[in-house]
């Protein structure tokens, strides 16, 4: 890894991003076409709308080994639901409580509005989240500082 | 082990991918994935040769799944769905994996990481394709008929254009006669056209269309059933709805053009109720009726003072405040003042305003009335003009911002309150159609910028001032726009609906209603499952947009969206995490 | 080739008309003279009064247009001639060479990086920055295909060598294509008022006087500098002035009309500036604030509450100080009409809209009439707003007068509706 915190170079947190087909995914694409670098341990699964993410998918991702989950929300640009931001925030909240119950640090879930041209904000979010997760440590098998 | 036979193609993109991602390594690793029958790299997957290679492979090897790892699906999803189609593979059994925009281009300094990520992403794509089912867009027959609610200028114009397109039209009007507000005016801006004549023209054209347009007056919409393109409408005709005779209409689309009401000032608001204080529509009628000279109460009118923004742009703390601008009133008041000057050029006219909003070409009306002698005084919304007649003389006091807030007194013969538009009382209709209202209590469009005539209810459109204040020509434009959308739905006699919609597992569902609440499109209803002897949720696929907003609210995981099911997503997550 | 409708112009009006007609089952040919569809809207930052990101709501419309089975899109092409032919029209279209094979180009921009020619002006960033002689118009372009600006190209072949798809093709020549159509929709949009025509405002002379479209680019998420910098010294602006009605409501420049959108886009930009530069002061010098559309007044009120200053007064003159700051002289109308002077470090001219009357010249034999202000004339504004002086030719969007986005969409719907009715009634008469 060339990106991230030098001290923890051995630990490259893996991040799962839930993006949306028509709004945040084009923004993430644009980060790539603008050649903005972010860690290669970031992977994206795209859905129609961020209000359709199940909190249990997030828990599943962390339990199976992702160190963090980022919800790239449609925000006010959502083509489906006028209250998309509120709904997505609620999903993020529920996921955080689920993680907490299982002894994970709720900060492993993060949400940010990513619009179709939000290339910079996305790359920044990824770098910052990556650094934050390096501090928290790996999620798998209680390797992190969760619960402290 | 799956029995699926998946073809995987990893694109070099002529170096755009392969300079950073070791595409051969990706191929070698994913080749042994469960279900992969063939894995290849390709220089340009999108080129004719690249496409042909896939088509040949699919046919020869009888593949039932296709994964192309190349650029963003925004660029080529449809290209490769086309490839699948040409090879007789269901296009929904194709998955595009983005290893360019979301991999090689974003991780140019990290070839190892980019290659590893490509492997994970392709594995997730394969996992997804293994779960894929052949899906087809649903084709729904649509009834080539439309219902228009409201017989004002917007409704009548929409009826005509639809009839000309070959669509049968029913028009229902609540009042005894069609024509609406326009039929009450004889001169309208900006071309001094007579509203009565315009309506007359429309009605004579309607008559020429014969049986293509059926008009019901004294009629109200009572109930809407059915679904997109096939609505069952119950209309009550004549008098009180309880005694009404009802008829049933089958239509493919509904256009709501119920218009507006004018704001009625409260007693005492800017002197309303005092002799000599009238609203703009009342004044307009007087001007139109004047025969060579303007009179009020038997006296010649020599001084008219207009107060603008009455009932519009109100402060939020006013009861039931209309905080919106009514759009048409500046133009209408100024146009009326030009008519007054034409009747009697010696009449003094004072306009007390906040902002003059003669937008676009209407600016020329503003210039014209100033040339004719109208005087404009600007007041501060915190210090509005005061109207009283305590000493027997009608008097307006105003602090004019244009002359250093000097208090000016005017003793007019008439005070004209430039009243705005308010939404029409339509509770029954709103309820029956379930169209949401905006903050301004006008009907709300689904998106204010790019979809101004569509509503969250598919097949139900809004036109004219029912959606928000508009003048007559703007109402006509919006009516034609709504007609165009209705035509798009019913013209061909069928419409295609995308198949990625929500569905319910009846075994898991214990009707709680949360999913129905979460759906603004009215796509989920309660139904009885006879076989299981319980109530469950049912999705009307035709109304579902596939957003998945209902999915996370279900406490029993009973509702899912096709292609985004629990197992699909969780398999993809697992595939992304597998050791490389 | 035969189509039902020829739509001239691929901005939101043209796209909306084309989609409506395509949905109703008609074959549409949409011709756009720029190398991408999308018009002006796709270049905007956000839109009022919802502050939706312009790209988020317009790219789906662009994609729908480009991929619709009933719509054929030709970019970088111009309609040269339209003539009546039987019950329809015959049109000649010039397809300009992009010097890039459209089906082979993958939009990777390797050519752009290889090109040694720096062209000073990037038309899609309103000349704030430069571009190369071979370029993708903007990130969301559809089609996402490079185009060579042959006037500036030095024919060095660097792009040809860099292109992994061998898509560069210098042998391309202009192509003339003839089509027969039953109906035509003119959706040629507007031009921005060239602010140089108000010399007293110093646009083009004073570096820190920019126009509002440039400001929209500075505020867009795909913006060139990533913040709002003033051009003279790259300093973040702290005290920004807007001069409304630049080139509108102004008989001295020959445009008495109100441009209908400048008040609102200036208010929108003021809000976005407060977001981008929280410490900046923003002042709008206006004549009347025309917040007349749905939700606009509420948006204006919100902006005032956020601390944006509104001063009623027409700016008479702008002068430049040595440090690049600007002195505005204006009549303070609400305070007795005194002449005041204030200093700002960046001035944005809220330029208005102008018509595109050139379009009339393509119509042969029959005349496409213009109104008193050189917009396409509506022959029956009251009942058939899209009808023009030529039967079967309709008009949509700002081609017939200033309009905001929702009104443009309505007018495009009116045009597609009237074109449909026209085609159906003439078909039945035959």
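All chains are identified by letter, namely A, B and C, in their written order; residue positions are counted from 1 within each chain.
Here is the rule we go by: a residue touches a chain if its C-beta (ideal position, glycine included) is under 8 Å from a C-beta of that chain, and two chains touch if they have at least 3 such contacts.
Predicted model, so just to flag it, every value in this text is computed and none were measured.
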item	value
Comparison of A-B and B-C (more C-beta pairs in contact)	B-C
Central subunit by CA centre of mass proxy	B
Whole-Å separation of chain centres (CA-atom averages), chain A against chain C	36
For chain B paired with chain C, centre-to-centre distance based on mean C-alpha positions, whole Å	23
Averaged-CA centre spacing for the pair chain B and chain A, given as whole angstrom	32
Per-residue multi-chain contacts in chain A, two or more chains	26, 30, 33, 79
Of all residues in chain B, the ones touching two or more other chains	74, 100, 447
Touching two or more other chains - residue numbers and ranges from chain C	50, 52, 57, 107
Partner chain C, residues of chain A touching it in the complex	22-23, 26, 30, 33-34, 76-77, 79, 115-121
Touching residues (chain side chain B, partner chain C) in the complex	12-16, 44, 46-48, 71, 74-75, 78, 100, 157, 161, 164-166, 188, 190-191, 193, 198, 201-202, 312-313, 323-325, 327, 330, 355-364, 367, 378, 401-404, 438-440, 442, 447-453, 467-469, 472-474, 476-478, 480-485, 487-489, 491-492
Chain C residues touching chain B - in the complex, by the definition given at the top	12, 16, 20, 23-25, 47, 49-50, 52, 57-58, 61, 63, 67, 103-104, 106-108, 110, 144, 163-165, 249, 256-260, 288-298, 301, 312, 333-337, 373, 381-386, 401-403, 405-407, 409-414, 416-418, 420-422, 424-425, 428
Chain C residues touching chain A - in the complex, by the definition given at the top	50-53, 55-57, 59-60, 107, 109, 139-140, 220-222, 226
Footprint of chain B on chain A - complex, ascending	1-3, 12, 14, 16, 25-26, 28-33, 35-41, 43-45, 47-49, 51-57, 60-61, 64-66, 79-82, 84, 87, 91, 94, 123
